[in-house]
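Two complexes come next, and they have one chain in common, subunit A, joined by subunit B in the first and subunit C in the second.
Our next item is the complex of A and B:
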């Protein structure tokens, strides 16, 4: 009996270890190899170096080394900048529209409300590739030239869904009698919205915005379809590099993206804790 | 003055049902509440108590009828412009605000000055025995404390009328009893009218100046607690409030002959026709075997069960004509009760003047 329990529990421990190892070992390896000095075979450790990071930022001229694929640092920085602009814009638009939609569905009853709710869920569930092709056909058909504008519009189509869902979940947990209580104590609707509803959904809005930002920074498929030939976001840039083989700088870029995401997630968690 | 603080005139409210049709939550309610009065709305679940409060605070749109508060027609005014405050059933404290900000909310909305506001918040919290807890969040309080915060928040702006929707239902028995007394004291101190909702009849009877018994969206009776208890105007009120023995039958020469064949004596001297006689359990005594005066009413029962309830005994008996009767007998008559238990028989006596007559349902219309 006792033995079985110990075996059972150690079996479970073993499974848990394997489970997390499967997720985190590859990521850990990327971090380790981003500091590996060996330029040709990443998997062979040949000393510690910051070279790949320096190269990304153009601090070390490595043009002589055949192993490098970043022809110019400017190209990488441009991709990062494009990604940031896209992410900031889509986050703003998706947060405002997604929150507004969630509030409308919460606050009002109107004809076809359920149907609207489903419509708002669908883009999130739709396969990226379908959405990507559909958007591409639409943009080309309507005659909008592809570029940063179409990337922003394209990403917003599904990011609004994410924000809508996160904010709606927050609203669903809210007690409606609080609005009555506020009105009862003399507050008009706008004041009630400002002082009672908004502060309570704020963690949801912030959470939705951060989710939108991270997903936007990360999106490849849809962005790839609607970006055209001259605009590159960071994921597209990295994807382009990979097609020519996995090279050390990719690790360094990956590590920095990881740090960036962690920072945003940590900030989100911190804000969330404080707000409660 | 004499003018009432609240007056409802022919207030009617129906809700549509999802499967079609409507449910009448309030059907032609007329109600006057006097200044300084403690009125309790009592009734079973779904009888329209909350809807009646909402019609005064403005959270429901009436189908028809008028609501006057303090002489002014407020029928078409939104809730935030009515001089009425509410203690909600689930307290409805703002979870993201401290106790101080919850209590001070009405003053903040009204744009009160900071210092003034803070002293008033302190005073209101002192009044409900929570002085010094301004900085806490609602979830850091016990249920009873939250209830007090809700109360302090509702009275801080000195409304002319306070509506309380089952404010004590979530509290345990002891806390509830002490809060009942505190509410009563507070009402006297503040000098404002209370409309208090409960479905606990004991609470209603102990706290109120008047009790309104609601059923099916109609006020069945509105009266002083004693009158509600002793002189219910219909069978619903009689059976809803307290334990009751109802004898349906016809009256002739002051005696009610029930449909079962029992005879109940009354002090009525005139009248004939269908009627229902009411006897409360405590209006029965148990005969001691001696002579029973000719004018005393008597009912011979066989004993089904005797329950000791602390203050006395509850005798559950049945007449020869198979009508169930409940009598409560004081503990001092222990010997007689024991005798009844042994013989499985008892003679119950009552004063015919104590018998209350109610028009029989159905016969009225």
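Our next item is the complex of A and C:
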């Protein structure tokens, strides 16, 4: 009995290790092979090189001398720029609107409050392809030309929900007695808001904004449908590359992207834990 | 300001907080969804336009009453629909089978390790989806990691056909949806009352009985929640089949995409996505209905 339990639990431990291996070994592989020198078969190791990284930063190397890959560097940089502009704008809009909605639902009781709570979950649960094509039909029907503006609007429709949920969770855990104390001590509503509510809700707002930024940088489906033909964000650019056939520098781009999102996410999760 | 009553001021504040977001969502969320709904009942025009007449045959092409003037009913669309359903359900089941035991193991770790394990599971959620799928191309393709490794070991002569199959699509979806399944399942495993498990064992239940009649029902809310959260994006997915699936692994999402970007039959595409949305809404409705009933039952039972 005891033996069985020990065996059982070590079996489970082994299982958990496989579980994590399944998640992280592929990521490890792509990091290793992004330094592979073989330009034709990316998965046959033929020596260590930084060429692909030099390539994406526009530095000269053997491959770019051969003029095989030059066109993509400019497109890549343009895609990165577009992604950053979109992410910064959507983060700003979604954070303001989502936080306002969360504050309203927290502080006031009004007709249709339950409806608002449900409504704000809808965009998160809606399959993204449905939302994407609904927006496409809408923009084309109304006559708004597709581009960076429509990408920003499209992403905001669901990012507001993420911010709303993160900020609401923060507000739900807040201490209401402080608010009452502040009012009892003669502070007016604005002072109470600025000195009591705002500092307490701030970590939630920052967390929601970081989440919105990461999701915006990564959004593929909605952006794909509302971006039109001339605007490319980074995920769309990579998606296009994958459909056309893969070149080795995609590896290096992928690793840079992983590094970028892991850094932000790790910082966010760390801050989140420390605040509690 | 001083002229306003307290009530009036509260109303003004509420308006400032809620006004912009209401306006934004009614124009850019409700508006598009309603227009899509209308489109799905319009006739497709030439060159991608629409004709403003009532036309139920967009749904008919899928469900069996195609426009008698132009085409005979072809069951290809309904079969793509069932394929997508099958692939989505398989994905849910595999993800669940992978996450369920892991959730138990991780819930019994010490607090420090638990936090670290949860961190490791959440982290990939933030990494680019397209990058995580791209990795699997490198692993599965003909000259990919697995084939190269097996060939150099001399275990196979011909590369295995792994990529561009249904299996690859399911594998890709399982890989990206693991965090979605794990977190809800873990939340209910963590709350599991182990005294009930011990009681069941003391009363003579064997392992299977304890699992099936005590542990599984208690963790069912997490299982159901995780399954729905995985099923929804899996059903209409078009990225994973586009990247890892072959020409034969068409799913609903790809079909919808084709209608918009290639075939230029927008009403038919709208009808297809109405179908996806309808299934999602029905599932959510059932789930919410059960959850609220469970909440209502809880005080009476406890």
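As a convention for this text, the second predicted complex is superposed on the first by the 255 of 276 C-alpha atoms of A that agree within 3 Å, B and C clash if a C-alpha of one lies under 4 Å from a C-alpha of the other, contacts with A are read in each partner's own complex, and residues count from 1 in each chain.
Keep this in mind: contacts are C-beta pairs under 8 Å (C-beta built on N, C-alpha and C of every residue); 3 or more make two chains touch, one makes a residue touch a chain.
As the structure is a prediction and not an experimental result, all values here were calculated from the model.
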Looking at the overlay, what does A:88 touch: subunit B (first), subunit C (second), both, or neither? neither
Between subunit B (first) and subunit C (second), which, if any, makes contact with A:199: first, second, both or neither? first
Just to be sure I read the superposition right, which of the two partners does A:220 touch: subunit B = first, subunit C = second, or both, or neither? second
Subunit A residues in contact: does subunit B have more, or subunit C? C
Looking at A:175 after the superposition, I want to know if it touches subunit B, subunit C, both of them or none. Which is it: first, second, both, neither? first
First, second, both or neither for A:185, with subunit B first and subunit C second: first
Please work out whether A:29 is in contact with subunit B alone, subunit C alone, both, or neither, and reply first, second, both or neither. second
Please give the residue numbers of subunit A that touch subunit C in the complex, ascending. 12-13, 15-16, 19-20, 22-24, 26-27, 29-30, 33, 41-44, 96-98, 100-101, 103-104, 107-108, 110, 116, 119, 122-123, 125-131, 133-138, 141, 153-154, 156-157, 160, 214, 217-218, 220-221, 225, 235, 238-239, 242-243, 246, 250-251, 254, 257-258, 261-262, 264-266, 269, 273
Going by the contact rule at the top, pick out the subunit A residues touching subunit B in the complex. 175, 177-178, 180-188, 191, 196, 199-200, 275
Could you please specify the touching residues of subunit B with respect to subunit A in the complex? 57-59, 78-81, 84-86, 88, 90, 92-96, 105-106, 109-110, 153-154, 157
Subunit C to subunit A touching residues, read off their complex: 10, 13-14, 16-18, 20-21, 24-25, 28-29, 31-33, 35-36, 39, 98, 101-102, 104-106, 115, 117, 119-139, 141, 143-145, 148, 175, 178, 232-233, 235-239, 242-243, 253, 256-257, 260, 266, 269-270, 273, 276-277, 280, 284
